[in-house]
Amino acid sequence: MATDDLATQLAPRAGANILAVEPFQGLTARVRFRPEGALDVFRAVHDDLGYDHLSMVGAIDWVDHREVFYIVWSDVTKQYLGLSADLTGDAPHIESATPVWPSANWHEREAWELVGVAFDHHPDMRHLLMPDDYAFHPLLRSFKLHEPEELEVKSRSV
Amino acid sequence: MATAEAAPPPKSSGENPILYVAKPLATAARQFMKSLIRPSTIVYPFERLEDPAFRDKVAVAAGKPIGVGHVWDNYRGVHALNIATCISCNLCAFSCPDLCIDMVTVPGGDPKHPKKCPQIDYGKCSYCGFCSDACPEGCLTMTTKYELATPKRSEMVYSPQKMNEIFERKLPMNPIRVERPSNEDAILLDVPLCIGCNACARDCPTQCITMLDIPKPTPKPGEKLPKRIWKEPVINDSDCVRCGTCISVCPKECLFWGTHT
Amino acid sequence: MWVNMGPQHPMTHGLWNLRVKIDGELIVDVDPEVGYLHRGIEKISEDRHYNEIITLMDRCCYVAGIAWEHVYIGAAENALHITAPERAQWLRVMCDELQRLASHIMWYAAFVQDLGLMSPFLYGMRDRDLILDLFQSFTGGRLTYEYNRVGGVRNDVPSGFTDRCRKVMDWLMDRFVEYDRLCLGSEIFRRRCDGLGVLKAKECVDLGVTGPMLRSAGVARDLRKDRPYAVYDRVEFDVAKADAADVTARYLVRMEEMRQSVRIVRQTLDWLDHHPGPVLADHLPRWLGAPYAPMGNEGYLLKRNFPRGTGFAAVEEPHGEAQAYVVNTGGEHPYRTKFRSPVFVNLSAAKHYMIGYRVADIPPIMGSVDICVGEVDR
Amino acid sequence: MSNVTLFDVANGLATLLLTGLGSILPQPLHGWLINPNLIFALAATLFGAILLGASMINTIMLIWFERKMLGRFMDRRGAMHVGYAGLLQNFADGLKLFRKHTLRPREADSLGFYAGPTAYMVTSVLIFGILPISTGWSSGVLPLSLLLALAIFSFAPLFIFISAWSSNNKYSLLGGMRSAAQMIAYEVPILLAVVAVILVSGSFDLTTIVNLQQNYWFWGPLFLALLVFVVGMLAEMERIPFDLPEAEAELVEGWNTEYGGMLFAFFMLADYVRALVGSILVVLLFLGGWTLPSYVPSALTSFPLAGIFWFMLKTYIVFGVFVWIRASLPRVRTDQLLKVGWMRMIPLSLLSVVLAAMLVLVRCLPVFGCVPGLGG
């Protein structure tokens, strides 16, 4: 069973931080992990499992908590693997994956400005798609699409 | 190459420097000779690809597969509306992803049930064709007309009459009609909830709902009969276009989608 | 000196801004600024039915619309636990490859024009038009196709299509020779492009670069081969690859990919000729099977308890690996969609392949990346 | 072929006009009007007007020619709606540009911004006063006309740089610097290639050079010089593949990014004037000017204005070659361009000078046999 193998392979370096390894439609499996030990998990996935290519970082607003998911690819096994962590609290934050996968840079900038998930120790955390002083996180469920009158950009650089 | 040093000079391919431009020059010259007779350009306002005579002329004369892919009838352009067959079912407006279709009243309906036909704002329309796919009667189709330029934004809103004029011009219309799936869900009735109010039968665009009398049960002693009209809607499945109007007008939410068991 | 190359600049091919710090003619730093074309497709998708999102996908990348439809449809079908019929899969593969041809020809046209050579631009546009004609003959649109549906494709190809398509493929194969003569045969082109924008394999993998850029660095990675989706495991083709990792190598990879695409299209045409069948899955849920989204679904969905799930799909789009992540919580709209654009990632690595070259090298390097701002900003 | 010069025509016109006008006027005015100095002044003005008109019309027709020809190279049609086959399209474009408001960026230097394009235009048009178009169709016999033409021709980088710098725009500045560097780099090989022609013909006078090559056009014996000259001219004219000062892919429009309206039209026209001058110089120096070899039937050379006809035909063919090159080659890079200029073209041109000197030494031309008058 692929999921069990993954769990045993991850155990030595990040075992404590793994919550579950579950099957997933379209991926090999999805690893749910504790956000506190994110960097350990990333390192384990990158170094031990050989998933050297980060494809995507995204975040989902589940209203009561937010989820960050990572899709990584291994050129050896030709497989995708999903990683996901649930972030709770008013100011959800997680360690940045840039030390492990440099390509996380722009993905994390996007996830931060659209869903409002902070990435600690990110080298270049600026707005990417939105204006520099945009005060909203548009992909939050509380951001309603059809009520534009409620939204006002607080200040605007000229 | 993360450092700001000058890049290494590109390596030369080591060919004869005098002749090194001969190949592209020859290619361009060949093209020049070819297009002396007739360049591939289609002189648009005078020559139109949707004109079959021109298409054949070009394709044959130029020896190029110009226009060979054209089945212009499939083009998704401005809509044509046959007001006469429109049943005011609202499906086009509901299927529109851009919310550019309004149902407006046109003359011809009875006062109780005004006839409503789609009015399309082409300033918003994305020509996805979902509306004509959704049309159960085939009265809203897309044509090969694609010239919409107008000085006023308000003129981008095409009234049903205007689209009817396009229909009467008998332009080629998109012949592809998406077939309705054979196992389509039907509208089912949650019997205990129904109060027999006739709203569904009144608003049904195809008049396929008939209200049938049901026997009034004799109340057992102490039991209070529900306050209702003793009628129940029966839906003729073959006439039903599955527009869902009845579901949305039902005051008790007793109609729902489902499969017949 | 910081120079803004954009947002309105002939080099950008779209609406983005490349801030370049130059020292004389030498590039010392770059900082791509994107977001000028941000339409919030992921946000709009929250309020749309599964099929209605297809119209957004066509506008996600305006030169590779149908490939993006495939990306989204793959994820949505995974999320909704639906499988498309076989013929639809073949049709999708054919569309993908035709789109790859159109996109690469468009790339060729724009890229060579950036080098100052205008004739190939018009040759490219002329030949791409034939592919758009083909698309129009069965989808009805020339740029925004709206062809895929959850559970299949909208309609079958009309009769006579395969013959027309074959004719165009033959014509294109002849044109590719011409393209090569104009570019590779020209010493000036070689001198402009050789050794430019080098991004080696290790850096490519670290930075997440995919597509022709990665293959030009000697990594034969192609999702169509590595992780076949649709029916790519049933067609024969080779993965284009080059080793130099520079602009010329990317040119070579793309030209070879076009030839392989023609090969794949021919195989799909042969299959389509002999295997008629349905193109839309049967037994779709009512609100997907119908080509429209009727009223009154909310109560129905509650009663039916539709299966939930999260879908993921990855497709080798003309620019690289495109991925979609669709979260289905049982409602009629997806809860969240997330798209991974290959150009977005390729562009984020700009610092690593631009610094150290000259101002005059910016157009060829950026051209070789094949920027499509629509899918960068989404 | 007549011996009437263009200036004689202008002079005659002026005399006719002033004496005719003077004869009907009372004495003091009559005396002033038939003053020879006044007649000469009017003649010079008329001469200038005729030249300007002819050169402008030719330039605009040249643009039309390029557009049509480039269109065919690119499998399209070019201008085709205004006038027959779009002949009047460029006049319409010019009219549109003329009617446009001229905008100057706030921070731009006013003097340089306006003076640059004007001076560029004036110096470019000035060359037409010197170039002989046909026998006698010039301002007269100038013993050093070739040198003068090239000297005026090489003013351009100065004015381009002035207008680029005063635009106060980064693209313009980059383009201006590129332009200056490029033009200076290619002056040298051009002059050296011309030296080869001068050596063989033994004269600085264009008319003499042309008359000398009636039977043996110089492009054969001086092929190397022709090559260097054409490549150098391409660079001087800033045409593809050497158009990097205005490389639109990286520098928007190069040194004329900030210009619009009539000032832009000045630049555009002056560019084509220079293209025309370049083609004319090629024809004059290497392709026998207005002459045809003496063995062609005399019917071909004896009709009225035959010289001008053959001259313009050759000029347009030479320009057609420039268009052909433009249609098939990408643009080179600055450093490559300068490298080619300094390290390839100059040795080649020196070699061509040596070859020319050897030709003069043996007083023989290949194929044509020995020519006693060679080398003057």
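Per-chain residue numbering starts at 1, and chain names A, B, C and D are given in the order in which the chains are listed.
Here is the rule we use: a contact is a pair of C-beta atoms (placed from the backbone, for glycine too) under 8 Å apart; a residue touches a chain by one contact, two chains touch by 3 or more.
Computed from a prediction, not measured in an experiment: that's the story for all the values here.
Student: Return the chain pair with more inter-chain C-beta contacts, choosing between B-D and C-D.
Tutor: Of B-D and C-D, more C-beta pairs in contact link C-D.
Student: Measuring centre to centre with C-alpha atoms, which chain is farthest from chain B?
Tutor: D
Student: Most central chain by CA mean?
Tutor: Nearest to the common C-alpha centre lies chain C.
Student: Averaging over Cα atoms per chain, report the distance between chain B and chain D in Å.
Tutor: 60
Student: Roughly how far is chain C from chain D, going centre to centre by Cα mean, in whole Å?
Tutor: Chain centres of chain C and chain D, defined by C-alpha means, are spaced 48 Å apart.
Student: Which integer distance in Å separates the CA centroid of chain B from that of chain C?
Tutor: 25
Student: Just the number, please: Cα centre separation of chain A and chain D in whole Å.
Tutor: Spacing between the chain centres: roughly 65 Å.
Student: What parts of chain A, by residue number, touch at least two of the other chains?
Tutor: There are none in chain A.
Student: Which positions in chain D touch two or more other chains at once?
Tutor: If we look for residues of chain D contacting two or more partner chains, we find 73-76, 327-329.
Student: Could you check chain B for residues that touch two or more other chains and list them?
Tutor: 17, 21, 24, 27-28, 31, 40, in rising order.
Student: Judged by the touch rule stated earlier, which pairs of chains are there in contact?
Tutor: Pairs satisfying the touch definition: A-C, B-C, B-D, C-D.
Student: For chain D, which residues are in contact with chain B within the complex?
Tutor: That would be residues 69, 71-77, 80, 324-325, 327-329, 344 of chain D.
Student: Give every residue of chain D touching chain C within the complex, in rising order.
Tutor: Residues 70, 73-76, 170-171, 174, 240-241, 243-244, 247-252, 327-336 of chain D touch chain C in their complex.
Student: Once bound in the complex, which stretches of chain C touch chain A?
Tutor: Residues 34-35, 38, 40, 42-44, 46-47, 74-75, 78-79, 81, 205-209, 219, 221, 226-227, 309-314, 321, 323, 325, 327, 335-336, 338, 340, 344-345, 348-349, 377 of chain C touch chain A in their complex.
Student: Which bits of chain B are touching chain C when the two form their complex?
Tutor: 1-13, 15, 17, 20-21, 23-24, 26-28, 31, 40, 64-72, 74-76, 90-92, 94-95, 97-98, 126-131, 133-134, 142, 174, 176, 178, 180-185, 242-245, 247-248, 253, 255-258
Student: Enumerate the contact residues on chain A facing chain C in the complex.
Tutor: Residues of chain A touching chain C: 24-27, 52-56, 58, 60-61, 69, 71, 75, 78-80, 82, 101-103, 105-107, 114, 127-131, 138-139, 143, 145-146.
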